[in-house]
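Once you scroll down, you'll see the structures, which are given as structure tokens.
Two complexes come next, and they have one chain in common, subunit A, joined by subunit B in the first and subunit C in the second.
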Partner chain A sequence: MIQSEAVFDTLFLGSQLQNRLSDFSNYELQIFAYLSCLLSLYDGEPVSFWGYSFIKNDLGSPYSREINESIEALIAKREIIKSDGDFLRITDYGLSELEVYSSFRSNVSRLKFLQAACESINLISYGQVKESISQEPILKSAGLQEQRRLLIDIDSPAFSILYDQFEMLKVALENKFSNLVMPAVIWLKYLGDKNLGKYDS
Partner chain B sequence: MDKYNFPILTKIIIKNFSIYKKTNLITVNIKDGVFCLAGANGLGKSTFINIVNYGLTGIVRRPEAEFSQDNSIPKFYSRSKSFAVKYFDRRIDENLRDIASISIELTCGGKIFYIERNFFEPDALSKLEIYEDGINIIEDEQDLTPSDFDFIYKQEITKSIGLQDFDQFVFIQIFVLTFDESHQLLFWDNSLMERVLYLFFNLDPSKAKLADQLRKDVSTFESNMRNLQWDATQKQKELTSLINQLELSTNNTQLVDEEIINQYNDLTSALSDGLENIQKIESDVKECDLLLADFSLKLSSAKFEYDSLFSSSFNRDVSLEKDPAILSLLASIQSDVCGGKDPAHHFEQLKKLIWETKCPGNKIANDESSVKKLQELDEIIFRFKGDQDKIQERKLRLIKEYDNLRNVANEITSEIDEIEKNNENFRLNLYRPSDKQGLASFVNDIKIQIGQLLNYKKEESKKRDEKRLELKNLERELSSQYLTAEEFFMPIFTEYARSFLGLDINIFLQTYAKGATLVLEINDTERREKHQLSESQRYFIDIALRMALIQHSSLHANILIDTPEGSLDIAYESRAGKMFADFTKKGFNLIITANINSSMLLLQLAEQCKAAFMQLERMTEWTTLSEVQQQEQAIIEKAFVAIEKKLG
Partner chain C sequence: MTLNKEQHIAYMKEVAETIFAASVNIAYGDQGLKDLVEITGVASIVYKYIPLDIDYQVIIYKAANSVHSISKLTSKTPSKITDISSLAANSSKRMAIEVINSKEIRISFEELFDPLTISEESVVYYFNKGVEQVFCKTNAVALPTHPDSISHYAVPTFKSLEAALEHYKVYRARRSTCPILNNVWFDKANRILFKDGPEKILRQSLYFFLSDHVRGEVKEEQNVDDSKPVDIKISWDFASHIALIEVKWMGKSIVSLGQRKPNQNMNAAEAVAGANQLADYLERHKPYSVTQFTKGYLVVFDGRRWQTSTSSIAVNKTNGLYYENREVTYTPEHHNTRADFAEPVRFFIEPIYTS
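Let's look at the complex of A and B:
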């Protein structure tokens, strides 16, 4: 069964990414869907809120079967077309459908997370986002393990580390920001800097 | 004496059972005599026995559960029902769940039954035909649901066998007509044996049911008696303590300050108010839980409706050859064509689906109405979520209040305890000398309560004795029935058992506190304990008992035996084969699974029965061998040839 949340996220993230990058790939879409999901956790939503799950793909990046199926289904419906090789674009028909879905209340509650994830590339480069996401505790821990498992698993030790980072971030920001863009960017920059060894001392 | 008409299986059809990898349609015609399904370990031989029993009863026995845990036939049946779905879940591929089924053709009490059961709908039959004198007795078939078919089947098969309830048939099928891999034995399990004795020697199935009910009543009354006695003992202790304190107080004139007594009374009153509030909050929290569960159910069904609608409207634009609904219909058509059925009934649905979803004029209208419906459902989900959040908030607030009240109540209780501890004979002081009348009345009240409790206990004891007497009478009736039957039953059993063990065997009925059982005696020595016989001796003696019970109570029957040769000492293989052959020669059928090896059991059985009365089905026709088994293929083939040679 097609997952309604994943279809909406695909259309929304796709439209935002193509506004900024002219087109987008399946891989890029998965990264921003995952980042949006993490931001919902930062904002205090329960794990079940997101509606679909992620695993680690062979390259160590986040992958959601539901997003992948949505892309396939939207291509079959001609709401997405392949633009250049593996790159994709939302068609006008897809954009008009997105407008309809955007009015649904269940989708409205996800908008702030999707928007914040996309707006982060107004402040840092796409390459930085990609690099930083690969350094967040859950993906980093999954990268060290052979076995496939769901990334967002509240019983995993990496999940506790992620929450600790979020708690520290909240304390540091003292609730100064009303939207999630700044916390997202600061956290991503922290992950990138940490990877470069800036906090080693 | 009426005999049971146990079902005689004549045909078994298994469709789309994934672990049988080679074919999606297995048809087995069962002739009189022995049907032997032979193959190596791990190919699904035990599963076959479970499939057949599932087809007949709708249950698969939980392997770890012993009958004594339920100790009641209806309870065993109802508790076993849910296991079948779990059992088949990992044996059937996800995409075959809807079309995997077991069909059985059987004769029973002069009727011919055709039944078909999906592996994931234990309480339904997808097909039922019952022929009596060549006429299908199921009327208005087209108006009946699969659950109706199941209901009618249960009634008709129970009646045809001559039993009172379908659960009794399930019990007999699982524990007497089947010897499965769990090897639950009748000897050495008193609770199992007693049910068997009632069903096979009283031959009035209602008596077995009554005995079960009486045993349950006796146990309920005994439990009530124990509870009442405990209450009476507690009251007696309270009374003794009060009287002791009273005696002491005659020598102790020191009384507790009026002020402390007032303080104590204030505290107990505050505690009582606090406990009342706690109770109120507990009930409010329960109400919140109920509402939360209700909203969660509503939410999940609205979400499911939303997701289904979203998914189906989403697929509407998909091209015809990729549409999942159309692909699913095509799969059903393929299944019908391959199964030799007419697929025409799907065509109308296919036409309708194409008309509604692939024709441009309809599509626009459908799209608009789907979006409207999705918006409505979205609003409903939003509203439910809002309501659920409000109740969740209320529950959290109540829990906080509850914790506060509990803390206050604990503090008050500590203060009360402190006062009681610091002032000897405090309780007695509550009844001042001027209040002697009050104390006497208090003592009297307790005495009355004790008297009442003991009276209630006496009444329960009387009821228990009445039920016990009824049960005793039933047991006496059973003993007398057994003794009458012993003359015919004993020789049957001893013949089977002696032909296997080669020793003098005797069994006798013994009643004990909780009921009756059969005790085994070999060479004049009782073998009550399991360890007094080897494992294989126990198995085959138990199979001999089942055969004797069946032969004693019916003219024809099928018995299902799962890999009996597994633990058999080599010295007994040939004897066991002969015992099975003797049974089939009396007109009974044997469905047996066996490891294909050089066992003498199969060779002896083949020699005795010959091809006219024994079918050998190779599991290699159904499924593929593992790599190791393939390497041993030559040895396996040699064993098959040896058996087939004996069959002639």
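Let's look at the complex of A and C:
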């Protein structure tokens, strides 16, 4: 069965990404859905809030079967079309459906996370967002393991490291920012700089 | 070195101080941040349609009140635009843009105003002849510069790997302008000899560029099978199309000037061996990828100089550019005999020559 949160996220993230990048890919949707999910955890929501899960794909990136199924279903309904090879676009019909779904109470509560994830590419570059996400503790740890497993697993050591980072970030930001996009870009930039070895000496 | 909690927090604070959006948020509050997101969103769309260059002047802002509306700041009636792509037909190099909402902007062509006259209340972005700033009240905060683009909002992204490699060749490799790549030289002042073991730096330079610019999943050093890695792997649409990149280099590497022999002296034979190695990788990759279309790319960094030795500290133009147009002859020509082998790409890196 198609998961309603994943359908909404696919349409919302797709519309935001195509505003910024002209179109979007399955991979890009999954990356931004995963970032949105992490931002909900930063904001204090429980793991169950997100409604669907992610695993690590063969190259170590986040992948949600629910998002994939939503894309296929929305293509079948002509709410999404293939635009340039494997790239996708939301159709006018898809955008009008998105307007309807956006008023559902269950979706309103997710909007700030989805929005902050997409707005991050207005403030740091698209490439920086993509590269930094691969450096967050859960994906980084998953990249070292062979088997596919749930990424957001509260019993995993990487999950504790992620929460520790979020706690440190909250201390560092001293409640200065109420819009989630700020902690998002500061955290992403920190992860990117850390990966480049800027804090090694 | 493992950092403790306090050090991590200190670094996060440091990062927060370097991000211009944080300064805007602190100066103008949440509305200012929202305005900045709208302004920068418009900037990235506008820059898709105008040939932004060093001599352009572009103001983009969101009016905090009606006094700051563009019709009150400029003498001519501004143009109302709902389709930004129409700017492609405009030749003006000076424009002030008021963002009304996500679907409408108003533009004054050829007539600008001083951003400081409104920046106390309104968020203003200003591209002024190559310098890019966002105003925070009376302070102009410079945006980070980018090696590939004149503007933070005109950084190219590529769907095609071939186009990305071509861009890298011209804008990053040719004059060693990539900051990572520029660390590969024994002496950056002449770019004649590589440092010992340049592979890692060359690979990293290309990897970070591709990761930053290609709209696919880019990973460094993925194992093709249990034994040998390829250097970079890129996947589009979750592995239906995969590119495997093998990085090789040509030139001499040294650890000290004037040493008896170079540590490595790589020539065309190395590139040919790389092509054979890649063809072999592709063969062995097949059993793992029945549902994927995989293509191999050989990328060769060429730092060869004619008539130079381990003690060379200068090279003239003739010798420095001797290999500029000398392509490698590949035998066998995998790129002509296999559909899964792209034509090898050579990045010739210019030395800094004396005459």
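By our rule, the second predicted complex is superposed on the first by the 201 of 201 C-alpha atoms of A that agree within 3 Å, B and C clash if a C-alpha of one lies under 4 Å from a C-alpha of the other, contacts with A are read in each partner's own complex, and residues count from 1 in each chain.
Here is the rule we use: contacts are C-beta pairs under 8 Å (C-beta built on N, C-alpha and C of every residue); 3 or more make two chains touch, one makes a residue touch a chain.
These numbers come from a predicted model, not from an experiment.
Engineer: Once both complexes are superposed via subunit A, do subunit B and subunit C end up clashing or fitting?
Structural biologist: fit
Engineer: Scan A:193 for contacts with subunit B and subunit C and give back first, second, both or neither.
Structural biologist: Touch status of A:193: second partner only.
Engineer: Answer with first, second, both or neither: which of subunit B and subunit C does A:103 touch in the superposed model?
Structural biologist: first
Engineer: Would you mind checking which one, subunit B or subunit C, touches more residues on subunit A?
Structural biologist: Of the two chains, more subunit A residues are contacted by C.
Engineer: Could you look at A:76 and tell me whether it touches subunit B, subunit C, both or neither (first, second, both, neither)?
Structural biologist: Only subunit B; A:76 stays clear of subunit C.
Engineer: Report for A:27: first if it touches subunit B alone, second if subunit C alone, otherwise both or neither.
Structural biologist: So A:27 only meets subunit C here.
Engineer: Touching A:47 in the superposition: subunit B (first), subunit C (second), both, neither?
Structural biologist: Neither: A:47 stays clear of subunit B and subunit C.
Engineer: Give one of first, second, both or neither to describe whether A:2 is in contact with subunit B, with subunit C, with both, or with none.
Structural biologist: first
Engineer: In the superposition on the shared chain, how near does any CA atom of subunit B get to one of subunit C? Answer in angstrom.
Structural biologist: 22
Engineer: Identify the residues of subunit A that lie in both the subunit B contact region and the subunit C contact region.
Structural biologist: Looking at subunit A, the two contact sets are disjoint.
Engineer: Under the stated contact criterion, what part of subunit A meets subunit B in this complex?
Structural biologist: Residues 1-4, 7, 73, 76-78, 100, 103-106.
Engineer: Applying the document's contact rule, which stretches of subunit C touch subunit A when the two form their complex?
Structural biologist: Interface residues on the subunit C side: 1, 3, 5, 7-13, 15-16, 18-22, 25-26, 30, 33-34, 36-37, 40-41, 44, 48, 102, 146, 152, 155, 157, 159, 208, 211-213, 215-217, 219, 222, 233, 235-241.
Engineer: Touching residues of subunit B toward subunit A in the complex: what are they?
Structural biologist: 306-308, 310-311, 314-315, 317-319, 322, 371, 374-375, 378-379, 381-382
Engineer: Can you list the residues on subunit A that touch subunit C in the complex?
Structural biologist: Going through subunit A, the ones touching subunit C are 19-22, 25-28, 57-61, 63, 68, 84-87, 119, 122-128, 130-131, 164-165, 168-169, 171-173, 176-179, 181-182, 185-187, 189-190, 193-194, 199-201.
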